[in-house]
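Below you will find the structure I want to go over with you.
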Amino acid sequence: MTRILKSILFATTVLAPAGLVATGASAQTATLTIESWRNDDLPIWQQKIIPAFEAKNPGIKVTFAPMAPTEYNSAVNAKLEAGTAGDLITCRPFDLSLAMFQKGQLAPLNDLPGISNFSDVGKSAWTTDDGKTTFCVPMASVIHGFIYNKKAFADAGVQIPKTEDEFFAVLEKFKKDGKYIPLAMGTKDQWESATMGYYNIGPNYWKGEDGRKALIAGKEKLTDADWVEPYKTLAKWKPYLGDGFEAQTYPDSQNLFTLGRAAIYPAGSWEIAPFKAQADFEMGAFPPPVKKAGDTCYISDHNDIGIGLNAKGKNLEAAKKFLSWVASPEFADLYANAAPGFFSLNSTPVKMQDALAQEFVSWRQNCKQTIRPSAAIVGRGQPNLDLEMWRVSANVINGTQTPEQAAAETQKGLDSWYKPAK
Amino acid sequence: MSKARSAPVRAAFIHLALIAYTLVALFPVFLTLVNSFKSRSAIFSQPMALPTPSTFSLIGYQTVLSQGNFVGYFQNSLIVTVASIALVLLFGAMAAFALSEYRFRGNTLMGLYLALGIMIPIRLGTVAILQGMVAAGLVNTLTSLILVYTAQGLPLAIFILSEFMRTVSDDLKSAGRIDGLSEYAIFFRLVLPLVRPAMATVAVFTMIPIWNDLWFPLILAPGEGTKTVTLGAQMFIGQFVTNWNAVLSALSLAILPVMVLYVIFSRQLIRGITSGAVK
Amino acid sequence: MSDTEITDIETVPVKRPIRWHIAVFLAPAFLVYTAVMILPLIETLRLSLFNIVEGQLAFVGFNNFKTLFGDPRLSADFWNALRNNVVFFIIHMLVQNPVGIAIAAMLSLPGLRFAAFYRSAIFVPTLLSFVIVGFIWKLILSPIWGIAPSLMDLVGLKWAFAPWLGKAETALIAVSLISVWQYVGIPMMLIYAALLNIPDEVLEAAECDGITGWSQFWKIKLPLILPSIGIVSVLTFVGNFNAFDLIYTVQGALAGPNGSTDILGTLLYRTFFGFQNQMGDRSMGATIAAVMFLIILAGVALYLFVIQRRMRRYQF
C-alpha cells in the first residue's frame, strides 16, 4: 500500500507542473473568453458567430465558454470577485446585471461604437434606473405564446382560438377526443407555471406596460382583480394537463409535445429551434387569447440576454471591438437566424427565414408589448418576486392554494421590502 | 476456518434477500446504461425496453466523443482523484496516528479542530479559496483541485482512521518499540498495514465526492486543458435543451473508472483482513 | 492554533525527549487543512457578523442572527428547512442504517457465495453522480414515461401510484428514500469491515457455547460493532445536515413543491449564492451556515463526549 502511495505521490509531483506549463503559454494574440449560460448555443458560436468575427479581426481569438445555466450566476460572481472571469460576460436582464455594474464589475458602454443601434426599449434591461448608463449590449428578447400541433388541430377539426372561451372550448374538445393531452405543461419545476403560465397570459389582464408600471408606482397591487384573474384562469388549466402533471418536469413537457402526444404547448419563443429539430409534425403558434373578441392584445416580449464587458478584463480593447461587432446589424442577422426564437433588439430590422419565428414576431404589429412584471425594480428585494410567483403559480395550478391566497402572499412579500417612490 | 455448516434453507433465504436488494440497487443503473444506447424518442417512449435495431443509437456516445476532448477529461479526473486520495490517506493516516497513539497536551482540541471540517461544506469558502489560488498562481491547474480535495477529504479520513487505529493492539506496538523501531517505522511498518481495510474504506468515501464534484472544477479549473469528466458532461445540460443522450453516455462512461478504482480498493479491504496479519 | 500546542509539548516536563515525531505526523494534514479549508471558511463565517449598511460592509454584531430568527419570512423558511432536515435524517436512521447493517451482516457470514458480487453491486449507486441519480429516479417515478406505474401495474398496485415527487405530502419522503438508496453502501461497507474485523476465535468460542445464527448476531457481533454503528450514525447526521446535491438535482434549487423538500443545505445555497433572479446574500448565507455549523457541532460533540465515552472499545 505504501509503495502504491509513494508512486502516486511521485506521479502527481511530476504531473502537476506539467499542468502549470500548459496553461502559462497562451497570451500572445488577444484571446477573449465569453462567459455564458447558453450551453445550448455552443455549436452556433463555434461554427457561425466566432468564425465570422475572427475572419474580420485577425489577431483576436474568441472562446465561447458556456456553463450549466443553474450554476451561472454564482460561478460568474465568484470568478468576478476573484478576478478570474472571462473578458466578456453574458448579461442576465435587469437587476442581476445592474448589481454587477454597481459593484464595478461591468464597464459602462455608453460610448461603445454601435450602441446607438438600439432603442431605449431595447436597452432598458441593461440601463441604470436613471436611464443614463448602459452596461451591456442587448442581444435578444423572447416572446411568449402557445405553440400547437397542426396535425392535432386538423384531426380534431378546431381552429386557432382567439378568445379565452374559444381556448377552453378547444381544450375541452381535445379532452373529450382523448387522443391528445390538451396542454403540455407540468408544475414540478415551478418556473413553467409562472413563466409560461402567469407571465404568458397575464399581460392581457393587467394591460401590459400600464399594469406593470402601475404596480411599480404602487398604484396597483397584486391583489387587484387584474392581477388575481390570471391565476383564476391558470387554475382552470388543471383538468387539461396530463396525468400526474404535479411531477411532470420541463423536459417531460417538451418531450410530450415533440413526440406528438400533446396538442398545445404554452411556450416561449426559445423553444422554436429545439422543437423544429425534434418534432416530425407541422407546428403553428398563437398569441395568448384575449378575454373578449376585439380586445387589445398584449404579449410578453421580454429582453432576455445581453453581453457586457468585464471591467477588470485583460484585453479591454479587443473586447470592445467584439462588443461593437455584437451591436452591428451583421451580428443581429447571424444570431437571429442561427437561434430562431431569440429576436434581435437591434433597430435595424432582421430578416428571419424561420416561419414559426416570423409568426411569433408578427404579433408585435397588432399586440402591445410588455416585459415580465417581476423583472424590473419590484424584483430586486427579498423575497424575490419572480421566485415567489413561480411558487404560487405552481400552487394555484396544483390546487393547493386559491388565486386569492396566492396573490395575497406575493403582495405581502412585496410589501415587506418595497416602498414605491412617491 | 469457518465450518460452513449453514443450513441450506437459511442460505437460500439470505441469497433471496441479497438478490432482491441487488436488483433494487442495480435496476436504475441498468436503466441508465440501457437508455444511453437508445435514440431520444425511445428513451422517453419506452424507457424500460432494451434497445432494438430500430431504437438502438450511438448518437450520445458520438456526440460525447466528438465534442471536446473527453479522453483528456478522463485523464484529468483520474489524476485529480488518485492524487487527492493518496494525499488524504497519507496525511490523514499520519495525523490519525498522532491523535490516537500519543497523549499530548491539546490532543482532544486538535482532534476536534481537525473534525470541524466535516461540519461545514467547503463550498462556502469558495471565494476565499479562489482568491488564494489566484495569489498562488494555481488557477486552471489540477494542483488547485488536488489541494482543495485533499483538504476536503482530510477531516473525515482522520475521524474514521483514528477510530480504527485505537483498535490496533498496544502489545504489538510495545513489542516494536522494544525491538528498537522508530516511531515512524512503527507507523509505516506496523500500524499502516493493519488499518488497510479502514484505509480502503476511506479511499472509497473520499473518491466519490471528488470524482462527481462539479463545483470546484467549474470555479478553479474550467479551462479546456484541466476540465474533468463531470464538468465536461455538464456541457450537455442546457438552459432549455438537455441532450439526454449525451449526458447519459458521458456519465455512463464516467462510471467505469470509479468502478475500477472501487474494485481495487475493495480488494485491498478484503486482502488486508484475510491476510491474517492481525490474528 | 496547534503550533502553540506542539511547542507546549516541548515545555511540558516529560519523561521522554521532545517528541518531534508528533509534530511531523500532524504537520502535513494540519497545514493543508488549515490553509485551504479553515481559513477560507473563517473568512466566510466572519461575514455572518457583517452586513451591507448603506452600501458598505459593516460590523453588525449578532444582528444577522436576530434577523434570521426574528424576520417572519426568514425564520419560517429556516424552521421549515430544519424540520424537513430532521425528517430527512430520521428516515436515513430508520431505513438506511438498519438496511446497511442487515446487508453487511448477511455478507459477512462465512462461506457465503457471491459475497463479493453482492457487495460491489449494492455499492454501485453510491458511486453514481447526482446528475444520473436525479435523472433516472425522475424518469422512474415519472407519471408520464411510466416505469414505476407500469411496474406497479404488474403486481396489481397501479391504484397506489401517485406523482410522489410533485406532491407536497410525499415529496420529502420520496427524495429521502432516493438518498437512502444511493447511500446504503456506506453503512454497509463500514459495518462489513467491522464485522470482518471480529476475530474468528471469538465467534468459534461463541459457537462452542451454542450461540449461533440470530442470537450470535445480537449477543456477540452487535456489541462488538457498536463503535462502528456510532461512527455510521454520526456520519449520517453530518452528511444529512450538509446534504444539498440530491435535492438540488431532483427537486431544483427551490426544493418544491412549495418548499416541502427544502433542507438546510438548499436554503443555504439559495441564500448564499442566489438563484435565478434572486441575488446571493453572502451575509445572510454565512449566518445560516454558522447556525448549521452549530447544529452539527452540537450533534458531533454529543457523540464524542457522551456516546463515545460510554462505549467500550475492543482491541483485538
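Worth a mention:
Just so it is clear, A, B and C label the chains in written order, and each chain counts residues from 1 on its own.
Everything that follows uses one rule, which is that a residue touches a chain if its C-beta (ideal position, glycine included) is under 8 Å from a C-beta of that chain, and two chains touch if they have at least 3 such contacts.
Everything numeric in this text was worked out from a predicted model, so none of it was measured.
Taken together, the touching pairs cover every possible pairing of the chains. By number of C-beta pairs in contact, B-C leads over the other of B-C and A-C.
With centres set at the average Cα position, the gap from subunit A to subunit C is 36 Å. For this pair, subunit B with subunit C, the centres built from the Cα atoms lie 16 Å apart. Among the residues of subunit B, those in touch with two or more other chains are 44-45, 87, 90, 126-127, 234, 237, 244. Contact of a single residue of subunit C with at least two other chains is seen at positions 145. Listed in rising order, the residues of subunit A touching subunit B in the complex are 1-2, 4-5, 8-9, 11-12, 15-16, 19-20, 22-23, 37-40, 42, 65-69, 71, 75, 78-79, 81-84, 251, 254-255, 259, 268, 270-271, 274, 278. Contact residues on subunit B toward subunit A in their complex (touch as defined above): 40-41, 44-45, 67, 79, 82-83, 85-87, 89-90, 126-127, 130-131, 133-134, 137-143, 146, 188, 192-193, 196, 199, 214-215, 218-219, 222-223, 225-226, 234-242, 244, 268.
Interface residues of subunit A facing subunit C in the complex, by the touch rule stated above, are 70, 73-74, 77, 92, 94-96, 99, 186-191, 242-249, 252, 256, 374-375, 379-380, 382-384, 386-387, 390-391, 394-395, 398, 400-401, 413, 416.
Contacts from subunit B toward subunit C in the complex involve residues 1-4, 6, 10-11, 14-15, 17-18, 21-22, 24-26, 28-29, 31-32, 35, 44-45, 47-48, 87, 90-92, 94-95, 97-99, 102, 104-106, 109-110, 112-122, 124-129, 132, 147-148, 150-152, 154-156, 158-160, 163, 166-170, 182-184, 187, 197-198, 201, 204-205, 208, 211-212, 230, 233-234, 237, 244, 247-248, 251, 254-255, 258-259, 262-263, 266, 269-270, 273, 278-279.
By the touch criterion given at the top, residues 73, 138, 141-145, 162-168, 252-254, 256-259, 273-281 of subunit C touch subunit A in their complex.
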